[in-house]
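Below, subunit A partners subunit B and then partners subunit C, in two separate complexes.
Moving on, here comes the complex of A and B:
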């Protein structure tokens, strides 16, 4: 009994010491996170209630007037529409393709080397700066000497070789396709990493039972990938809602209106540039709505994707 | 626990998202009046003359200058030499120059807020106006105007072209000293016109007739980078100048009731914007041209003319057809219009000394030093633009522009001053609608109705205060 009591006391002491150690280890990170992330976030909420150019120490407090103005701001709603289009249509295309490639690559038809090469090729756009990719795609879509029209001309489809891919109506889809090309590799790598963790015995057992590739993918791969998929969807939501660089760099001196995302609009309002709007308070209100959008998306996505945990 | 998890997740996500608002933008800026960066002449020796050897006032300390030019641009080459020469002339002054690029004011904002030393900044007048002048952050420079110009026996104001100090005064005081002058007009290749038997149109009808002739020959008349909304807006703005006269566009936006747009003249302007588009005078696919595709196509002889700023010859010089002879003509007059062909847009780039500058004396002296004729000539030579300095050379690439300014009967600000004084109206109301107008997505009547309603709405907001009275 005495020995047990001593051991209990010793363990208690160790727990206390461990707790004491946690604080100094966590403190630097906590301070940095508070100063550089939490504080700006809270301050942004405050800034959104001011009419402020950003060039003076203080602005005029206007309460929720910036948000009221947003309700009637047609440009804001059109940018939000495009942002949601990226989120939903882009998401469907990206995850559709990522699933397709995951199914193909995890089917066992490919050797480990081929799988790695294919994965690396698809992931490649992620190692190139977005600005460079945007410029590249602007050249691909160029009506006169772009790669796409030249290709159609080469294979003799005259009608398609004359299409203005960046013209009204088409440019949004043109940009979406470019974004799918950029991001599909990243999500494919995430999903494949999840597949690699699934025990091969499960696949073998399914095959022994006579399941075909599709049945294996639907009944084994997807359920066991569900947690990874949930994280990937949330991550895509955040990525899609804050889309900025590609649109901003796509058209040199000015992103075409049709591809203004809400983040681009926030930048134009806050930092002006050619238009010199310099409405930092209003721009911050736009940013706050993006935060709300992300929050809603995260909650809805996690609720919709909630499943019983499958263990293996 | 789940709720707590959500809260933590949302907090992390929101922090990442919102903290981006406070930081400097990470994306390289588009170049508004950009010259092709990093052209070879960076290696060229800029100014060879010795600076005027005149003992100026006793100056000392650090002079912090943030310039809108990027390293490698022709203007940067000129200003580097000026800085070097200034430091030789004033050995006790250490000029700390930052080539900040077109985002200079975004960066300056953080510096001014943080109390970081910033003594001199340059940018286009409209942007300086919105950022510094309107916020009462620019130092008045009136007394400097009567001081002697550097190395000359004349007042500083006399080395500047008449009228260039007037448009951007703040509270009646001079706070902005321009050094470069641009304008917008139609540009063409003299050889193309000669080969096709074209003559410069003086009226809108002649312009349309010229385009009809070219269309008949299967050639494109007008090049346009149609995805750039403020380039598309040139058509509405210039037609407004010619149909309604200078100042009318500004007055229409200033009308708090929006009723000014009911004037039939505005409907005529809107209809005329659509005329060349409806008649097929714009090059194929113009509305999808991502800059600089349109201007490159023009420089390659795929269209006869382009309506753009006077920076376009410089921007296209490397890709133009061999022997391309840059010429320009002012936006033509319109029959029964109130505007005249001799009314010219002046787009100015220059300096402002921030109100809280720590070395304003050195900054003032630097401005005077940099306005010496030899530096202005070199600027003109390398950057192919006009100078605001009296007697400075004219760029041979712009043989017509000097004449427009010499014979002008009135100068006006770009976009009639609307972009400068009503940037929110310009960006959120006008630009998107005029884009739809020129792309035939709305009718002229719908456009005018929208302008009427939206302008009244713009002025009816109790807060935030519209820009013009901020």
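Moving on, here comes the complex of A and C:
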């Protein structure tokens, strides 16, 4: 390509002109982000080393005492256990279902329109307020009048119609099932988009070679979906570890301890009016452990999922 | 799996039949799952027109009469109408500001090369991994110090700042995917750098802008945790926070149908947005994850 001298000069000038945008275009975002995001994050690390009720101007510096206390805090460990249960058990169920639905929706069994309709229906809970979903599920599980128990009564399974689904032992699973129902659509959308990007010729070639559907899914779809899957797993980790709104609104004004995530515990410690603990330093230390958990999860997930780049 | 181009040989016909049979159980699960989802939302709308006695007698029965009073109660007595306006104002202004601040930043980060560009991009993007719990106390203290705590402008500032990482991440991939020919052509025709951005690149990126806008609007409309922490005055509540409050008071009133009316009021705007713009919403999730 031969550029005329004039055009060449103009392009150099253009690049210089565009560079003049850097500061004015970045400044508003950078200022807001620094003041209301980076600074609070750094400040959290400082606060986590303080004993502070929020009522005095400053608290007392206590070093790592908050974290030492955490080690022996039974409530903290039980909330962390539930958080990890959502992350792992919830994750397995969500990705299992999302894979199943991806396989079936991309199998050519239904046309593109039905595919879009199913995708939209399954995704829909993701655009509804979590507090609304929590209300819905609270009524589904309601012991006396709920949809689930009255359904079992209707079809004549007396035994199941008397179960307290939100009772001890069951409530964690009740919440988990609701989580799966909410999030499956989100990960289905991600995985389906990944499948759509795979060249149809590969599927045709595999067919000609005589591969069956399962072989195609395991040997072509999953390897080529790997990058999307890695992003999806990381995203789920971040989402799962900060779960708060559903649990906090699930059982009225005071959710039972069994479904406290660590994020709920953090809120109760720092701001909860019902129990009025107001331990802002300790609460922030709890939050910092969530940040650490996210970091560990992201690093581990990326390492485990790293593999040779597949090329066909 | 895709494109079932049926080869006429015997074995592939058998294979086709077998894989069709194998597909029946998962397809059934998918259909039941979707049916349940549709049912659940229709049910809650129907139940919001019942009275409580009917609801408790049989949750599955249709209402015998349409009880609009549930909506009157929710809208007027529980003041959902007032909170609806609060949410509309806070969420609209926040969404506008988020996009107005993020789009130019994403344009520069996505299309102009300069030293420190990757570091800066990563600094914004890594914010997506910070659980909001870390920020709650420091942000509350900061807003108190600058006199913005318990105010809607304060909540807007929090919403804007916390939405930057995802929005910038999303818009960078939109801007980066645009062809540079038009940008260069406009510049060669003598447009200055601002004109190139506002007249050429921004319109080209409009699907991305719409996606970012709708994503943030829906997310902020639905969120109640930040509002719960940052607001105290009942008059200033957002709609989702008000629904949370209504849910709490339900423990004493046992007014489930009134609560369901509140649920429907919260759901309707995002439902309509999704109905009209679902393609944009879905594009928003997929673009970030599948680029490259």
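Everything that follows uses one rule, which is that the second predicted complex is superposed on the first by the 285 of 312 C-alpha atoms of A that agree within 3 Å, B and C clash if a C-alpha of one lies under 4 Å from a C-alpha of the other, contacts with A are read in each partner's own complex, and residues count from 1 in each chain.
As a convention for this text, contacts are C-beta pairs under 8 Å (C-beta built on N, C-alpha and C of every residue); 3 or more make two chains touch, one makes a residue touch a chain.
These numbers come from a predicted model, not from an experiment.
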item: Which superposed partner A:207 touches (first subunit B, second subunit C, both, neither); value: second
item: Greater subunit A contact set [subunit C / subunit B]; value: C
item: Touching partner for A:252 - first (subunit B), second (subunit C), both, neither; value: both
item: First (subunit B), second (subunit C), both or neither touched by A:144; value: both
item: First, second, both or neither for A:29, with subunit B first and subunit C second; value: second
item: Which superposed partner A:37 touches (first subunit B, second subunit C, both, neither); value: both
item: Touched partner set for A:295, first subunit B, second subunit C, both or neither; value: both
item: Partner chain in contact with A:14 - subunit B first, subunit C second, else both or neither; value: second
item: Subunit B versus subunit C as contact partner of A:165, first or second or both or neither; value: first
item: Partner chain in contact with A:73 - subunit B first, subunit C second, else both or neither; value: first
item: Contact residues of subunit A, present in both the subunit B and the subunit C interface; value: 33, 36-38, 40-41, 43-44, 47, 54, 131, 138, 144, 238, 241-242, 244-245, 248-249, 252-253, 266-267, 270-271, 283-284, 287-288, 290-291, 294-295, 298
item: Complex interface listing, subunit C residues touching subunit A; value: 1-5, 7, 11-12, 15, 18-20, 22-23, 26-27, 29-30, 33-34, 37-38, 40-41, 43-44, 47, 55-56, 58-60, 101-102, 104-105, 107-109, 111-112, 114, 120, 123-124, 127-142, 157-158, 160-162, 164-165, 168, 184, 187-188, 192-194, 196-197, 218, 221-225, 228-229, 240, 243-244, 247-248, 250-251, 256, 259-260, 263, 266-267, 270-271, 273-274, 278, 281-282, 285-286, 288-290, 292
item: Subunit A to subunit C touching residues, read off their complex; value: 7, 10-11, 14, 17-22, 24-26, 28-30, 32-33, 35-41, 43-44, 47, 54, 97, 100-101, 103-109, 118-125, 127-132, 134-136, 138-140, 144-147, 150-151, 154, 181, 184, 186, 189-190, 193-194, 197, 200, 203-204, 207-208, 210, 212-214, 216-217, 221, 227-228, 231-232, 235, 238, 241-242, 244-245, 248-249, 252-253, 263, 266-267, 270-271, 280, 283-284, 286-288, 290-291, 294-295, 298
item: Complex contact set, residues of subunit B against subunit A; value: 6, 9-22, 25-32, 34, 102-103, 105-106, 109, 112-113, 126-127, 129-132, 134-135, 137, 226-230, 284-285, 287-293, 297, 302, 419-420, 423-424, 426-428, 431-432, 435, 439, 441, 457, 461-465, 470
item: Subunit A - residues contacting subunit B, complex; value: 33, 36-38, 40-41, 43-45, 47, 51, 53-57, 60, 62, 65-66, 69, 72-75, 78, 131, 138, 141-144, 162, 164-168, 170-171, 234, 238, 241-242, 244-245, 248-254, 256-257, 266-279, 281-284, 287-288, 290-291, 294-295, 298-299, 302
